[in-house]
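In the two assemblies presented below, subunit A is common to both, partnered first by subunit B and then by subunit C.
Here is the complex of A and B:
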């Protein structure tokens, strides 16, 4: 990861980056610790970028900056190569947004909201909104404020998709939704992606849902982007290792034998050692398994949620043990 | 435009219920009128008036409600992001919402009027509308409502966005109010009040009120726009943008007001457009007290002016008095403040040699009068029913010498020497004579060393003339209708009748104990010349005139008299003065100058008459037809413009 103040110099896929963020800093209050510190990343066209982080990591601040709703303290955000703070109104015609907190006027029905949007978007597919709402089972004639949280999220998604956006920004859209609503939401999203190849940037706590469609992952921690990577590559380098440690004439101290793996989490169990490593390779593992004192070593793949917990959770005591 | 219309329509649609509610409220006066008698006298006016009150109430209530909620409320509730995540320019969001608030404020109010107006006669409608001061009343109502909308927005922004910027708001709001009040006070004191004394108007209040309303509304509107455009969904930044723009504009406007007030207050005598009203000349020396309208919208001002140099001192009074030696001047300035409960004046003294004014620390009512001793080292104040004398050798530290109770304040007073003050009857209008209490007819001598007073003379009520005293205190000159009389200054005893057939007679003492009287006899001006108080009059006919002004002895034996074929002081008369210089020995007019009139022409209300001194600086000052103060060289007839602008 490197500072990328200009959209032309972004990382992979620079020429086709739909989103690019350069050296972004967000600070609330003059002397406060930055909420976001020197954030730079880009989202290639057609990708699904999952921005992960614990509560308060700065995801929503980043999304607001990306949508031109908040001016960053420093750095810039570009959508489609244009500065979003300066060109927000024009760029929003190509962006569909599902906010974390439902923000549509509570007195308006989904149908009225659709009619309002139809007046301001260059293209608007009102029948598609009606069709999606019918599919979701959301009443189109009920005021937005009277809908359940899940229904509001689905209305927001229906509205976000109706303009055939080139970019979808979803800010933790399934937060607080029940399983059924979440499933409906993601199914619709996956269907849309399959149909149109829309670029998506989403933040979510629902890592299972995200994992099924994300192509790229970024992870915020302590105001910094500590991870920005293709999901498959990420998953291929993260592994859970389990092994026993036998006493030898020159006993290896627990954990030291993992130095080639960049272990992010190490736990000593009764039966041996369990570690999550971030630099897994088959050859390295073979060498590791052959180390004197390492017995019954085995490596297993991790889910995105497990990787997230390993990275975003408390600092692994095992690393310093 | 399309985006703005969409936002506008959305806001209206979301609050569409206000329209039927307002219309239903508009039927209430109809219902009440039906119950009380539809055709009773005044019923139609009642319906229209009640509907107007309801409409005003609706507009005010909706202005506060929607003004506070449509932008600031949505920002604080984080619902404005709905608009910012759409392809809507900030201007369309702000403009659409603001227009919607205006629509939602005024249209329901208009709807509330419809039933009453529709069911009442045109005459009744017009009667009530005239009562409401339409169309200015409607405009005022519109501006008040607009202010309520933007004001409610400002208050909600400051209160609900809860950002640290509130500290700036709380600091600057009272600071700017206090500063503006101070600047306004200065403007009213230095610009408006002096203007009231002159025919020119200083349209300070209506202009400032209009400008202040415009600036305030513009600042609030610009602040709310900046809040939306620069703050967007970030409530802290939105509040910051609002505060910076609002206080920036208001601060700049306040600074401009301060600059204007300072500019108005800093006007010099050389900025006088014309010299208006009276010119009070010092008995000796070059100083005069005068006033007039100032150039370039600075209102008007009063000044002490050295007519032989460039020195001047601005004073906030049209009534300065001089010491006989011309070394000092004294005057009172009314205190002007928004929280003054009593009308009080502060007393100032100027040492004219240094042209430096000193606040004495003495105060009196606004009706008090002051007099200076011949040397200017002592000062007497007649206030209400007390006469107090002070040693003002050090004007900043006056010491009271004596004070007595005065039974009547309908008297004038003047120093007669350094340690004696004389009170003598002083009534302008003979119709007031019957109201004067007995002490008001007395001449009273107040000795400062003994701190005692004694009555030295008395006038009969029916024969009490308007009295002025000679500069040396030796005589009193009385005017009663066309009768001009000379009295003993101490006892009031009649010494001579100077004139009994001249209209509006004027009198001056000349050097060498001589006297001169001018007045209108029939349709021409006449001068009466006396070698002494007992000498017979020699009449000099000056030719046709309707009014005459007697000036001083501009050179030994030569008196300046201005003649005018018209009465009054209108433009035509002001241009028609002709100055005649009369040689008293030769009893003839030796020169005639167009447009000049003696500068101290209006100082007739001053208690002491000008001193007898041939060729004094004061006697050579005149006002020309353009209202400029000019000095006339008696030898050459050359005129030098001292103050006022050429027209």
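Here is the complex of A and C:
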């Protein structure tokens, strides 16, 4: 498998990068296997960068480093060109965060939380918080502890947007939300993007939502960033190929016919062969389809979720592991 | 407002291109009348739950192609007349579109006659829809 994380992209545009991570290593314990190994990537201004990975891939450690909540073992994280570990307080004033499990004192109401934050952030817009809560249908005067999970996430979003942040960090914000809350969350996010062009870094299990919103995708697997790419480019190079194989005598085998492709996954089915390739091109495909023994070849698009499953999803190591 | 304008994020065709193609289709079939107002970027993005930058990109392509026009302070509208392209450019556009369709037909394993038949059918459908809309 050759999932090149297109290294050229990370170096380019560093000057306009809102987030920039260089050779980040996180290791818990001297002899332990690193949780994050040599992670480098950047988030361009105005982009929506989705950081994907299965549980345990290192997403949470990466987000903590990015927010200056954790000192990396090695390497550095920059926000707006400044080292976040050294300038945390100042930089965080420009960042809005919706944590994975938004936490607040259970007795405080959203209105009280807003008033509290207003004392910390110089650019706090308390009326905007009230307006958003009204739009969400979340009562501003109910204690946080009495709100549903969806309502808490929406309160967290209203608070995160109140300081007109330049960067919004969303840590799996729609996890466990019902359809209505999820819809409200995305509508508000769309409005924010339309009005202010805010840069967004999000982690999510909701790949359908990511697919509609993201401009860039990064994928963590086993502590490494195995993918860092423009979403459109990523989707254009992945395809599922299906064909009947008459090249070998035994139809349950496949031969050299796929050699022009980088096959991420190959499965032999009763009717033929199914492969996921990561370097699809119309010309390569036409050549492949015309090969002797390749019959009824078809190429079909993959959703982001299918791409994710193909490269990161299998629990058991495949032939490329 | 965004009647007939739908997109499929999981498709291989980029979302901005789906918007571009859908609007072209709706204009060609007469479902979107000349001079009618288009939804704002913000409204369409919200309706479709997609990134507004994607809508902007799709609209921009349509404006560049002369299908839509932007009137400052008023919004985006369907152009009064179909765009008149210089002769060479018009041919190039047609050729490019034909090549894209031909590639699709080949990757789906369609026979030549089948592919051509589909084009005939599509043209007929558009013609019929336009008639229905006009009457």
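The rule is short, and it goes like this: the second predicted complex is superposed on the first by the 295 of 321 C-alpha atoms of A that agree within 3 Å, B and C clash if a C-alpha of one lies under 4 Å from a C-alpha of the other, contacts with A are read in each partner's own complex, and residues count from 1 in each chain.
Going forward, contacts are C-beta pairs under 8 Å (C-beta built on N, C-alpha and C of every residue); 3 or more make two chains touch, one makes a residue touch a chain.
For clarity, every value in this text was computed on a predicted model and none was experimentally measured.
Colleague: If we overlay the two complexes on their shared chain A, which of subunit B and subunit C does A:22 touch? Say first, second, both or neither.
Modeller: Neither partner.
Colleague: Could you tell me if A:58 is touching subunit B, subunit C, both of them or neither one (first, second, both, neither)?
Modeller: In the superposition, A:58 contacts neither subunit B nor subunit C.
Colleague: Of the partners subunit B and subunit C, which touch A:97 in the superposed model: first, second, both, neither?
Modeller: first
Colleague: Thinking of the overlay built on chain A, is A:150 touched by subunit B (first), by subunit C (second), by both, or by neither?
Modeller: neither
Colleague: If you stack the two complexes on chain A, which partner ends up touching A:282: first (subunit B), second (subunit C), both, or neither?
Modeller: second
Colleague: Regarding the shared-chain residue A:218, is it in contact with subunit B (first), subunit C (second), both, or neither?
Modeller: After superposition on chain A, A:218 lies in contact with neither partner.
Colleague: Please indicate which partner A:44 is in contact with in the superposed arrangement: first for subunit B, second for subunit C, both, or neither.
Modeller: neither
Colleague: Within the complex, which stretch of subunit C touches subunit A?
Modeller: Against subunit A, the touching part of subunit C is residues 9-15, 41-42, 45-46, 48-53, 103, 106-109.
Colleague: Show which residues of subunit A lie in contact with subunit C when the two form their complex.
Modeller: Counting only subunit A, the residues touching subunit C are 46, 48, 183, 186-187, 190-191, 193-195, 197, 208-209, 211-215, 232, 235-236, 239, 282, 285-286, 289, 296-299, 301-305.
Colleague: Help me check something: in the complex, which residues belonging to subunit B touch subunit A?
Modeller: Going by the criterion above, the answer is residues 2-3, 5-6, 9-10, 13-14, 78-82, 84-90, 92, 164, 230, 232-234, 236-237.
Colleague: Which of the residues in subunit A end up touching subunit B in this complex?
Modeller: On the subunit A side, the touching residues are 28-29, 64, 67-71, 88-93, 95, 97, 99, 101, 103-105, 107-108, 112, 116-117, 119-122.
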